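In the two assemblies presented below, chain A is common to both, partnered first by chain B and then by chain C.
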Partner chain A sequence: MNPIMKIILTFYFTLIVFLANNWISYAILWLLAIISIYFSGINIKTFFNGIKAILFIILITVIIQILFSVNGNVIFNYGPIKITNLGIKYGIFIFFRFTLIVIASTILTLSTKPLAIAYGIEKIMSPLNKLHFPVEVLSLMISIALRFVPTLIDEISSIIKAQKARGANFNNGNLIKRANAIASIFIPLFLVAMNHASDLGDAMVSRGYKSNVKRSQYHHYHINHIDWISCFTYLLFGVLIVFIRK
Partner chain B sequence: MENHFDVKQLVQLAILAAVSYVLMLIAIPIIPVAPYMKLDLSDLPILIGTMMMGISAGITIATVKSLLYWITIGGASLPSLIGVFSSWAASIVLLLAVFFVLKSFKSHTRKLKWIMMIILATLALTIAMSLLNLYVVTPLYINMIGLKLSFSVPKLVAIAVIPFNIIKGIVIGIIFAIIYPQLSKIIK
Partner chain C sequence: MKVKEISFVGIFAALLILFSLITIPTPLVPFTLQTLAVLIIGGTLRPKLAISTVALYLLLGFVGLPVFAGGASSGPASFLLPTGGFLISFLLEVSFLSIMTSKFVKYDHYSFVYPLLASVINLVFGWIWFKFDTGMTWKVSLFTSLVPFIIPEIVKCVISTFVSQKLRVIIHNK
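What follows is the complex of A and B.
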């Protein structure tokens, strides 16, 4: 699918999630989410690994809602904690809403390369160019930063190993000692990063890079029939939600 | 932005943003009630970029880092946009405070300058983030997720946001005060 279409549909899905407010509308959204997961071709195991981290935050939000809700019939009362039937209902709705949004964005990030997402966001934000907001420069910087993330992670682990080999201790000591230990990692990391930057900068200057000319893309993305089918499906579900919500 | 920086500086800013992003991945929650507020060192490259190339450089690094985080970890979704925005705002407040304090304290003895920097940056960060959380971020988040709560936002700010930002300001300030004098010698 086209990354632009994927981003727009993910945003659209988030919007219709906010429209849902009863059991049937949430059931319909779950159906749409399951259909999307199925057709995205993502392995279910990878998918659950993707949402595991955020599931913890969702559960905490739900527990806060259930423990500190305002109205409804009280089922259980202990000190400041009042559990009401409405509280539990809202808790479940919040769980659905949050999880559905996370599922949609996980489908986007797991099925699309970060560079493709950056491309999509650049194209969606391109009207801002007229306001002299440098969308393309920002997108170029995101691409450069993305490319150097794995390199820098490697550098950090080798710097930590090198400092440990020299007898550095990162695990105990007071705040100042720990700050010094962090400095012994950060300063080499910073210098390595600046070396990468000057290499890449020289390479770009010597090839005559200019930021204010029209650039061509290495990857070309087209909108094909799959994009239109999914667009139509999402619109259909959106209309359904509007009619079913209370 | 093209007018502000040449190509080499743009690349430097992009790579500082990458360093900042990598440091943001190593984040630890420090306030038990609010596990979504995490302490990380991603402000250090932003502060160094600010001191090297000016305020607009710092803002650019913070923007690129936040967008990168939003695309990759936040899944480009609306609720994560709120969190990314508040961390972006915190970076901007911190870099402005540090920049102006360090520029205006030139004549004082060195130790006093750094201690003043840590105190004033922490104060600015705590005040700005408390107000932002009180009036914008937390109400927006509660409304977006649809929480119906019996405890109030000011209480959350008092028990979570204020201590978090005091700790964050002091920790980042001390590490920056140790790192920057050494780095500025090497850069020059």
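What follows is the complex of A and C.
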């Protein structure tokens, strides 16, 4: 699928999730999410590993919501904790809402290469060029940021090894001791990053880079029939939700 | 923006992403290096570069790339969650810190105060956001979203002051 279409559909999905307000509309959204996961071809195991961490935060939010809600018939009461039927219902709705939004953005990131996402962002934001917003510069910065994460991971592991060889201890000791050991990684790491940035800047200048010049793309993404089918499916589900919501 | 500034913003955003992915397991509250990286960037870079770096980072997270703390899935949802206030206030935090510290090349004995004030901005904004997002009382939200972070935040302020001080001297001498 075209990355532009994917990003737009992800945002569209996030919007229609906020329209849902009863059980049937949430069921329809879950159906759409399951269809999307199935057709994205992502391994289910990889998918759940991706959302595990944030599911925990969502669950805590929901539990707090249920414990401290005030409306509805009280089912359980202990001190300041009041569990009501409406509290449980809205808690589940909030859980659905955030989980669905997380699923949508996880599908986007697991099925799209980072550079394709950068391309999509650039194209979507290109109307801002008319307002003299440097969209191309932004896209270049995104590409640099994503490109340099693996490089810096390599650097950090060699810095950690070098500091360990000099006797730094990262795994033992109290918080202050560990913080001290970690600080010994930061200064070399930031310096390495600065050197990379400086070298990259020089390399770009020496190759005649100029911002805001019309430039061709290495990868081309076309909008094909799959994009239109998914676009139509999402629109259809959106209309359904609008009709079903109370 | 100059070409070198573009590469600086890109690579420091990469650094910020990297730090966010590192979590040191401690009991109760996860000690992430995300806020520390924001403090160091604010204390080291000029306001224009520091603010652009953090804004770029937040944009990447907003679009859905897994760049926020602990490598958790991002997207617009992470700004709507109760912890979203902490993310948005990174911009305020880094603006304040970089504007305050850009006036000095060498830090004095009070330089610890600026990151501390910047952290206070971040924590208080995050706390108020948390309160309204969850609908808890002020007191309950204070003890869930602010109090557990005070000691780690002070440790981060100490480290960031130390690191930024060294880095600023190195940048100035280059």
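The rule is short, and it goes like this: the second predicted complex is superposed on the first by the 231 of 246 C-alpha atoms of A that agree within 3 Å, B and C clash if a C-alpha of one lies under 4 Å from a C-alpha of the other, contacts with A are read in each partner's own complex, and residues count from 1 in each chain.
Note that a contact is a pair of C-beta atoms (placed from the backbone, for glycine too) under 8 Å apart; a residue touches a chain by one contact, two chains touch by 3 or more.
All values reported here derive from a predicted model rather than from experimental measurement.
Chemist: After the chain A overlay, clash or fit between chain B and chain C?
Modeler: Because the two structures are overlaid on the shared chain, the partners are seen to clash.
Chemist: Would you check which partner chain A:146 touches, where first means chain B only, second means chain C only, and both and neither mean what they say?
Modeler: Touch status of A:146: both partners.
Chemist: Check whether A:93 is in contact with chain B, with chain C, with both or with neither, and answer first, second, both or neither.
Modeler: Touch status of A:93: first partner only.
Chemist: Once chain A of both complexes is superposed, is A:235 in touch with chain B (first), chain C (second), both, or neither?
Modeler: After superposition on chain A, A:235 lies in contact with neither partner.
Chemist: Can A:189 be said to touch chain B (first), chain C (second), both, or neither?
Modeler: both
Chemist: Counting only touches as set out at the top, which of chain B and chain C does A:27 meet: first, second, both, neither?
Modeler: neither
Chemist: Going by the contact definition given at the top, which residues of chain A touch chain B in one complex and chain C in the other?
Modeler: 7, 10-11, 14, 57, 61, 64-65, 68-69, 98, 101-102, 104-106, 108-109, 114, 117, 121, 134, 137-138, 140-142, 144-146, 148-149, 152-153, 156, 175-176, 179, 182-183, 186-187, 189-191, 193-194, 196-198, 200-202, 204-205, 209, 211
Chemist: Write out the stretch or stretches of chain A touching chain C in their complex.
Modeler: Listed in rising order, the residues are 7, 10-11, 14, 50-51, 53-54, 57-58, 61, 64-65, 68-69, 98, 101-102, 104-106, 108-109, 114, 117, 121, 134, 137-138, 140-149, 151-153, 156, 175-176, 178-179, 182-183, 186-187, 189-191, 193-194, 196-198, 200-202, 204-205, 209, 211.
Chemist: Which chain C residues qualify as touching chain A in the complex?
Modeler: Its residues touching chain A are 1-15, 17-18, 24, 26, 31, 33, 40, 44, 52, 56-57, 59-60, 63-66, 70-78, 80-83, 134-136, 140, 144, 151-152, 155, 158-159, 162-163, 166-167, 170-171.
Chemist: Which chain B residues qualify as touching chain A in the complex?
Modeler: Residues in contact with chain A: 1-2, 7-19, 21-22, 35-36, 41, 44-45, 48, 60, 63-65, 67-68, 71-72, 74-80, 144-151, 171, 174-175, 178-179, 182-183, 186.
Chemist: Spell out the part of chain A that touches chain B in their complex, as residue ranges.
Modeler: The touching residues are 7, 10-11, 14, 18, 56-57, 60-61, 64-65, 68-71, 82, 87, 90, 93-94, 97-98, 101-102, 104-106, 108-109, 114, 117-118, 121, 134, 137-138, 140-142, 144-146, 148-149, 152-153, 156, 175-176, 179-180, 182-183, 186-187, 189-191, 193-194, 196-198, 200-202, 204-205, 209-212.
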